[in-house]
Amino acid sequence: MSLNSFGRVLRITTWGESHGRAIGAVVDGCPPGLSLSEEDIQPWLDQRRPGASRHTTQRRESDHVRIVSGTFEGRTTGTPISLIIDNEDQRSKDYSDIAQVYRPGHADYTYDAKYGFRDWRGGGRSSARETAARVAAGAVARLVIPEVRISAYLVELGGDAIDRDAFDSAVIAANPFHCPDAAAAQRWERKLDETRKAGSSLGAVVECFAEGVPPGWGAPVYAKLDAELAAAMMSINAAKGVEIGDGFAAARLRGEENADAMRAGPTFLSNHAGGILGGISTGQPVIVRVAFKPTSSILNPVETIDRDGNETEIVTKGRHDPCVGIRGAPVVEAMMALVLADQKLLHRAQCG
Amino acid sequence: MSLNSFGRVLRITTWGESHGRAIGAVVDGCPPGLSLSEEDIQPWLDQRRPGASRHTTQRRESDHVRIVSGTFEGRTTGTPISLIIDNEDQRSKDYSDIAQVYRPGHADYTYDAKYGFRDWRGGGRSSARETAARVAAGAVARLVIPEVRISAYLVELGGDAIDRDAFDSAVIAANPFHCPDAAAAQRWERKLDETRKAGSSLGAVVECFAEGVPPGWGAPVYAKLDAELAAAMMSINAAKGVEIGDGFAAARLRGEENADAMRAGPTFLSNHAGGILGGISTGQPVIVRVAFKPTSSILNPVETIDRDGNETEIVTKGRHDPCVGIRGAPVVEAMMALVLADQKLLHRAQCG
Amino acid sequence: MSLNSFGRVLRITTWGESHGRAIGAVVDGCPPGLSLSEEDIQPWLDQRRPGASRHTTQRRESDHVRIVSGTFEGRTTGTPISLIIDNEDQRSKDYSDIAQVYRPGHADYTYDAKYGFRDWRGGGRSSARETAARVAAGAVARLVIPEVRISAYLVELGGDAIDRDAFDSAVIAANPFHCPDAAAAQRWERKLDETRKAGSSLGAVVECFAEGVPPGWGAPVYAKLDAELAAAMMSINAAKGVEIGDGFAAARLRGEENADAMRAGPTFLSNHAGGILGGISTGQPVIVRVAFKPTSSILNPVETIDRDGNETEIVTKGRHDPCVGIRGAPVVEAMMALVLADQKLLHRAQCG
Amino acid sequence: MSLNSFGRVLRITTWGESHGRAIGAVVDGCPPGLSLSEEDIQPWLDQRRPGASRHTTQRRESDHVRIVSGTFEGRTTGTPISLIIDNEDQRSKDYSDIAQVYRPGHADYTYDAKYGFRDWRGGGRSSARETAARVAAGAVARLVIPEVRISAYLVELGGDAIDRDAFDSAVIAANPFHCPDAAAAQRWERKLDETRKAGSSLGAVVECFAEGVPPGWGAPVYAKLDAELAAAMMSINAAKGVEIGDGFAAARLRGEENADAMRAGPTFLSNHAGGILGGISTGQPVIVRVAFKPTSSILNPVETIDRDGNETEIVTKGRHDPCVGIRGAPVVEAMMALVLADQKLLHRAQCG
């Protein structure tokens, strides 16, 4: 059942809580002989690291990753790769006053309902800190698919969308929002500053674009590439929606508008499908969008109850991202890499 | 890896092609002692059956299900339940002229790219006919969760949305569109007639509402209830997007708007979350929306290529649904039932 | 969890009871493009078929297999292959007098204890009839590993072992016992006739030899080739022991006796290891032995209890194999084929 | 596929090499609320720890386990339990002279054949050091099945079997061989001393006895309790055979001899079946025996080849167990605990 594992051939198992000693991932099924060192993983973690700008949580974590198994003389051996990231800045006392109160929008109530009690320090296992382990594992997955280039960026923040005509991939790394539209990035900065000062938070939509995926990855019918991507993305903290290609907008098109006509090559004259037909890649870019809800931890008071059922109000102090979608982008990339690498190996298994 | 299996504890494996001898599902892990006969399954298949109105394909299939294992004296025994539905109206010749041509929007090209050849009769395994097996299996899953009531209906057809204030669940079964808004159903009828006559097709959005799910189903982090639902729904033919609760709209809310405040009970003052927090059910209704693209098989010509790479044009005659989303609703219900039943058993395994 | 599924990449799911309408197997993950027709499967089923000699059960089943999905124009398509064998000679009334009594050595009591009731017709799901589905699936697996030759034969019957010096593979098919020693076969015939007349039964040891397995199949540490074979073999009805290579005899050797020295080639000077080291094939023949207990259904009375706990005695009439190990040989071969085919694909997934 | 994972509901993933930084296990699916601290695990590791007597390897490892996730305030939370054991005494230089030579009986050649290269330091992932992670995980599993008492002991060493009439469970912990027969323990001591001095090694047979297993655990047909145990045991380093109950001896009994007659209670008049019928527990003690080959690392020279295919001879110095079966006993216990705990949860999932 593998509650905390993901993937079929290339399979990760993650563990760890927000304020435990460490978090980690075990990457199993990785092909042997790939060049891998901690330097291959660290840059991806740095992208996701908290505290990089005032627009993300001020928790300070170096997120230094250690590879403690699965490599020898700088190469993967084919055995499990264990990745460990120590937790450093564990100010659990920030949370002690909410130990007995359920934070709306968080997993506090549901963990309690399920397990009878919970690790209330920073959300425990339900914290987005778990996604650092995914980013580390995703860095390994990237080595399995050198033919693929993956890019995730925000296309909407707090309901303010980018201008597609102003899309410039060079801009993505040049602002703290992974925003491909320079003008939008400026608007978002003001918007987010204002939101943070108002004690509130915003949602976002992250788009992920994977180029270089050859035709044939994915498999009918429950291992469809899009089904795997949907599970992968929806498992990310705060994700509430997933689209492939035109997604919900496709539901508003007529058949002939939505059809991606083919010409010799083969080439496609459009990509409404987002690079996937019948659950199998077409050779076009694979495009996924993920909706992130606004951060649930806000300074504005919200009505709630405590563990004994008494009504109360909560103000969540801690150190939180005013928009979790921003740090969601590197996680979306990692999940894309994990799914594609897995499906590449899966395809090789069946089809040689 | 189980390409054609779904579920963890209650697990289905489906098989069969559109124009093969039969299709079927094996349901494994079902609890023993449940009363089960073919009469428990047939009504759900009848809901999905083709040819029920002029708004669905005119292929004639009685979709009669047979239980060939797993029950004894009218009760489930705990062993695999094999369900078989014979294919009757296999007019494969309808398809022979497209054997060599790729239908845009279909899996024709990708199956060929993956496997080197394909069963071109009606799409073979990539046909939505596979979903009949899911509906049959879903009927078994419903028996596992008698506490839950599931309802799926269309909230949008061809971009025309229902009026939420006119929502009347009694109307759903009274029109061929599973539409809960009587006025919208009338508009949709005209719209779809006109579309069919124009040789085109429309997309749709199906919403599924599951009441009675207790708090505690679902599990961190890759077995989250919403991640499972996302995979389940995205694996349905023509699905291009999945949302939980407010979904993409949540990305446009501020933190305090999106928070579902709690009061004694516990009760929630809203359900933006769609009944799931941290991947675990809250006890509120579970709400999922699925976007279906317009049917790819249309009479309007589309540019394409043949297997040899020559450019050509295609007009897909066959017998097709002008809007696959309509018959998608019973499939969405079935997948909801399968996910919830599975998660109920999974929860029982870990938490007793 | 897949209680009734086996395999990782090439994965079978079996269903059906001894006296239900039919039994079957779904083979998922099979490579595309393999030539497959019912004629490729039937001969293997015929080897296992009951009623072939007086030394096996007199139940008459033609065991005619139908391929109902997964092939097109005589080749596998890469989609699930559904195999169905109808049950014909279902004399359930033979069993009605034992419906309320537990047959010692059978699963009667344990199924009742687990599920609260059971399908008592011929053992239901616990019947060795399920193994026909494995043999059918194994025939498909053989196509995946054309480089491998598999042979299973009895090396011991009722405690009477073959003379290894008299081993003649040509003799195996020439007697009803799959016995490679002509003299032993004659002794066994007398022994089994006498046993059957005495209302008793005998056990057996089946050895399986697989030649042509290249080095490198199998994977550390829980997907070891020997661990997979052990599970595969122990899941066969009446199996009580599994050995690889020298097996229990290896426990009596000294280190230098057990070491399979290597010479250039590489070649090995012996094969105590049975072709597996560290869970991975060495390139030598893979050798497994399986111990089958004597048939539990015997005419000699045995003390037992009924469902209400009353003490009684049982005489099992029915139509039973006096030595289930005989018909076990083709099943052992099938399981060997399934494990090796699966591991071949698994190896290809990870190591290309 | 989960090459390095084991179990269905309670699932472990192990990682780490003999001479890497650390080894570990992630235990997923554990029920919440169980009292667990490092003190619950350490004693089991101490039983397996190297260097406890002159009869085991002289490698010095404190095998101190750390729980780095999955507990809160001394109780399991239901989230993954990460267990880490640092490697301390890594004298890799002992191995550098064998880096280029294949040790017969080891996985050296097969790892190279599979992966193209290998971590030669102490066998890397193929080292029995991995079993420490199993023992740690097994300690967690024991908490899930407080109703079960598990005991593993040697019944044979170097071909010298215990006297069953002299069986005294109190003696097991009183000698370095886990031997339940005091006289045999004395003989074994002399035998092993002499073998070690002669530069050789011995095999052993370990028996494991699990009392308190209720009827109903295990499931047809590929999740049979005995099939799971067979896989579990055969995955242990140096295991070459597995028997349930009478095992291979059952193949020499007649039907009426092997039948475990039942009387009111129910009670059984014998336990040839080893507590399992039809893959499901009977309520009698579950009995398994595992054959361990003699340690492959011996001082006596063996013919072999190097990585370039040149013929040579090898003498394995290092620090090795003269009989790996001795330290195998705690590992067998751990695997028994893991299988039973998993099957308990699996049973609860399906049957409530």
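Labels A, B, C and D are assigned to the chains in the order they are written; within every chain, residues are numbered from 1.
What we mean here is this: a contact is a pair of C-beta atoms (placed from the backbone, for glycine too) under 8 Å apart; a residue touches a chain by one contact, two chains touch by 3 or more.
Keep in mind that this is a model prediction, so the values were computed, not measured.
Looking at the partners of subunit A and subunit B together, the chains they share are C, D. Centroid analysis (C-alpha atoms only) places B farthest from subunit D. Per-chain CA centroids place subunit A at a distance of 46 Å from subunit C. As a whole-number value, the distance joining the C-alpha centres of subunit C and subunit D reads 26 Å. Inter-chain spacing, taken between the CA centroids of subunit A and subunit D, is 39 Å. Within subunit B, contacts with two or more other chains are made by residues 1-5, 8-9, 14, 29, 32, 78-79, 114-116, 125, 219-220, 346, 349-351.
Every residue of subunit C that touches subunit D in the complex is listed here, in rising order: 1-6, 8-9, 14, 102, 104-107, 109-111, 113-116, 125-126, 130, 156, 158-159, 195, 200-205, 215-224, 226-235, 237, 239-248, 250-266, 269, 272-274, 276-283, 291-298, 300, 302-305, 309-311, 325, 346-347, 349-351. Chain contact summary for the complex, subunit A toward subunit C: residues 1, 9, 29-32, 78-79, 219-220, 345-346, 348-352. Listed in rising order, the residues of subunit A touching subunit D in the complex are 1-5, 8-9, 11, 13-17, 20-24, 26, 28-29, 32-33, 66, 68-70, 72, 75, 77-82, 114-119, 121, 124-125.
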